[in-house]
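Following this line, the structures themselves.
Shared between the two complexes below is chain A, which has chain B as its partner in the first and chain C in the second.
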Partner chain A sequence: MTEVSIEQLTKDYGTHRAVAGISVRIRDGEFISLLGPSGCGKTTTLKMIAGFEDVSSGAIRFDGRDVVNVPAERRDIGMVFQNYALFPHMTVAGNLAFGLEMRKVPKVQMQERIARVLDMVQLTSHADRYPRQLSGGQQQRVALARALVIEPKILLLDEPLANLDAKLREEMRVFIRDIQRRVGITTVYVTHDQAEAMTMSDRVVVMFGGRIAQCGSPSDIYEKPSSIEVAQFVGQVNLMTMVVEERLADDRVRLSGPLGEAVVPNPHALRKGERVTVALRPEAIDISVTGPGQSATVLSSHYSGSLMDYRLQLADGSRIDVQTFPRQRFAEGDSVHVHAPADRYWLLEDAE
Partner chain B sequence: MSRIVFTVYCLIIYAFLLAPILVVVGASFNAGAFLTFPPQGLSFRWYGVFFNNEVFLRAIKTSLWVAAVSTVISGIIGTMAAIYFVQFAGRLKDGVRIAMMAPLLLPEVLTAIALLFFVYAIGIGTQTMFAMIVGHVLITLPFVFINVSTSLESYDPAWSMAARSLGAGAFTRFRRIMLPLIKPGVIGGCLFAFIISFDIFTISFMLKSVGTATLPIQLYDYLRTNFTPEAAAVSTLSVVLTLVVVVVTEKFLGLRIHRF
Partner chain C sequence: MTTGSSHRHAPLLLIAPAAILLFVFLVLPYLSIVVMSFRTPGQGSPYGEGYTLANYARFFGDSFYLGQIANTLMIGFICTLACLLLGFPVAWQLARGTSRLRGLAYGVVLSPLLVGIVIRSYGWTILLGNNGVINRSLMGLGLIDRPLGLMYNTLGIVIALTHVFLPFMILPIMSAIQGIDPSLESAARSLGASRATIIRRIILPLSMPGIQAGCILTFVLSLSAYVTPSLIGGSKVKTMAVSVVDALVDTFQWPFGSALALGLAVTGGVIVVLFSRFTRMTWKAN
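Right after this comes the complex of A and B.
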């Protein structure tokens, strides 16, 4: 269907640069998330793609054609808003018909398409209801249906799950992802929720301060974040200083640190004795009573149903976070041993 | 205890507001030759006199015409101003509001005199209805503006954006989405405009062309020399006319607020 190419896209509000020259190529049928804290420029970027915000400089191409000067109503996009923005004076069917009327679709065909999309979002029996008669989750599905029924070139979603409760949110993630796969539409999804971005996307674009901090598959972002900022945004992370022990034959280096040894790739040609910052996810650390590993003391523990979060103090006084399944539990003050396999560490690119 | 006091208080206020109207209505059914209350015998005598009085009938027609024209003009300008005010004014918001409300803050007589000088200065004068209608629009505009702004405050700009993403141009967005959703405010504002225009005295008095009079002016003229129950009959009819306008509007256009 449509490939979206964003080139050096910039948005200035007076002297404030909200989006600073970002470039992304979104492949045909790809589901891409713009992930970042509020004010990082993700929503502004989405609005520029939709045509609701003027572009200060740069290009947005749909299949090679620059749409920067095309008004929103002629860009052929489907958009789902955070508060759904369903038309309150129209029924569900009326909301869906609106976009088709604008496209002058013949009546019979219109009804067929509405019926098909309503079936897809499982709301066939609600066609004659008004938005105020629907639950939040149902309104969400109508908003999705309204965006899809016009068969747009691309689908844009602006934090569509932010107003739903936790359980529904998880259901809707799978639901939206399934529908997107089935329709095969190029999709841009804006969220500040890393779990949402991880579970739904083909690729995640992490943004900070109007720039792209990292762009990659969810597992790349989580397992090989390019900076401390990214690592911390997409999950908890332990940072520690380690010393280079030796350069290994296959262009890797062996490091030693408070938790033992680590083996990481060596892109910066590190030499023996250099100090580097490495990162380690809390769930990559094993915790046991007898070892193997370094001894540590439990400072605090938090139970969250399926997981346990511990904060531990190592022999050298440094602290680390560990996350485990609550099969074995430790209390405050317990002496334990912690160990992390050497290949679980990664070197931070911006480390010295 | 305090509820009883409050209820009594409200009843007294209503009594003061409504009693004079009831007295006028009662007096209009007077069978005698003078405007008195309680009426001396009941009859439709003075209604008969009124319906044969060319001067009053012409005045009512003039009033209705002026009110209708000014309401349409006020409705259009006031609605556009409200949309600008709520959605686009930004930092100018306070200034726009004060400017729009200014006709209410100034004494009507000052506005009237200023307009009178103005229309003669620019050579339009008061030979036509133009000056009077400008005056009526000026006075009624704030009522449309306030009512429409209030409904627009609960209008979510995302609705317009959604319509836009679905392919609707600016005019379609206004006609299909915004107007139906702010309709109660627009109609409410226009009703106010109509009723107030129908009732304006000072502006009409200053800016009327020779030989044309609106109902309030004609009534004033009449009461200077006569004191018959015909004046009460005219007043009663104008109250009824106003009520008819409200009821018909409610029936055919709907005043009820859209509930979401």
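Right after this comes the complex of A and C.
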């Protein structure tokens, strides 16, 4: 079992710095996601861990041993590629056997291990098929099995679900997470899909422009994002300006704004009368006909099956987004009341 | 009704010009060669009256011609093997290389085809002759005492043909390698495969269609090459193609020349069919 420690990892392409000195410590058996938009350096980071990209500076340690100068074929990693990269001229069993042959595993043991892993990904009956005879989801499972059968130190997955349709993608999330827990392997998962990162990971590393914007549990990332960028990347967010009303005893401040009062921690020693930017998730806002809360007008409403998305205009002219369950519906032009619990707001650290 | 049928016949109409061209200029001449090969030798005319098997009897009964066809096939095999061994690494580099010199390398690969066949062959006689550039340089450097026999023998023919046909090996293999997803190589590496293993287990089997096409092209072209073997082989080493032309043009024996030509074509054809059967079997089995 392996702990991966990334220290000041940097990758330069000419004058372009793709990864700018990132540091993460991945615990043994942990499932960690690198989340970010394309070009944020997440795939480059994964390739450096795998050994497919040279490191410009910094260290990658597997259980304390720096592997930066170890070639990919000797790093003992299992990797699942976005396009699966199954060997088209080999059967499923042949694909699985490849890594074991490289490790000179005896024939009998090899067959046992292949059978066990095929059973785990529920493809026992497909051992003699060729990749082209399998569906996308099955190919994906073969790719996972091929990476796991060599019992690598760490498992790396590069957007493995990007080519699957929505329903299968959700099934595969659970499937991969399940197997990862059972095997207990340290896993790094690259994705640009925040829902994927949220549902699968123990911790999420959000990356922008080659840097780590935030690293934390899925709920930390979603509920206490460190910046507007992170907040917006992992979901919708309302930003509003509020005024400091008073400093509370337990190192918090009470704010007032267009939607009522908020109580937030006070890390910057804010003073009374100071103006700050706070954020509020659309689903934290309650909407009703009679109140409590501020009055607002419905500008638009969108129905998406399990949820309703509204855009409302407040009395002071500002606009907010609200997300609710569609049990109660409002139409464009309706007058409503909106209210948000004071503790659902958070202060943005880099806010102006 | 009219439009319906013209739609249905459109594909036929489209291939008609090529089909007619092939029939008139390839199939008919071939048939005429087949017929000619069974005619009797003429006195004062290209062929005589009636039909005979004598031409084939002479061909298969004469160890001179059997030796010649064996030599021609050997030249074909060696050229093909040499082109494969020299061409594969080049094709690999052209397909996968990231160097800025790739364009230049591509041009160099194609360059033998840009020079006329006669000029190129004379070029080789200048290089390979006893008094040629290679022998004089080697003697000048004191590496050899007397000229290496590079001209008027099989070696010279093989060298010159390998040079000419290398592009026909490189191009199909290059395009086959380009068609292989590079992430397969990454996947193989992540599973612990060395560079040599990746080439042997992944690249080689997956580029097999290109290798097969390149080998067939090179082999067939070497068997039928005429200008280069006749200039470099001179009167000492003759390939089958040279003998065919001798019979047809110099000694005016059309029926016998036709039999020789068909003997070469059939032998080559059988080898190509066996080769493609065999290679297909090996890559299916892999």
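The rule is short, and it goes like this: the second predicted complex is superposed on the first by the 351 of 352 C-alpha atoms of A that agree within 3 Å, B and C clash if a C-alpha of one lies under 4 Å from a C-alpha of the other, contacts with A are read in each partner's own complex, and residues count from 1 in each chain.
Note that in this section a contact is a pair of C-beta atoms (placed from the backbone, for glycine too) under 8 Å apart; a residue touches a chain by one contact, two chains touch by 3 or more.
None of the values given here were measured: they were computed from a predicted structure.
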item: When chain B and chain C are modelled together on chain A, clash or fit; value: clash
item: First, second, both or neither for A:Ile212, with chain B first and chain C second; value: neither
item: First, second, both or neither for A:Ala50, with chain B first and chain C second; value: both
item: Partner chain(s) touched by A:Ile154 [first = chain B, second = chain C, both, neither]; value: neither
item: Contacts of A:Ala197 with chain B and chain C, given as first, second, both or neither; value: neither
item: Residues of chain A that lie at the interface with chain B and also at the interface with chain C; value: 50-52, 72-74, 76-79, 81, 83, 85-89, 98-99, 102-103, 146-147, 150, 156
item: Touch list for chain A against partner chain B, complex; value: 50-52, 72-74, 76-79, 81, 83, 85-89, 98-99, 102-103, 131-132, 146-147, 150, 156
item: Sites on chain A touched by chain C in the complex; value: 50-52, 71-79, 81, 83, 85-90, 98-99, 102-103, 146-147, 150, 156
item: Chain A-touching residues of chain B, taken from the complex the two chains share; value: 156, 158-159, 161-169, 172, 176-177, 180-181, 258-260
item: In the complex, chain C residues that touch chain A; value: 181, 183-184, 186-194, 197, 201-202, 205-206, 283, 286
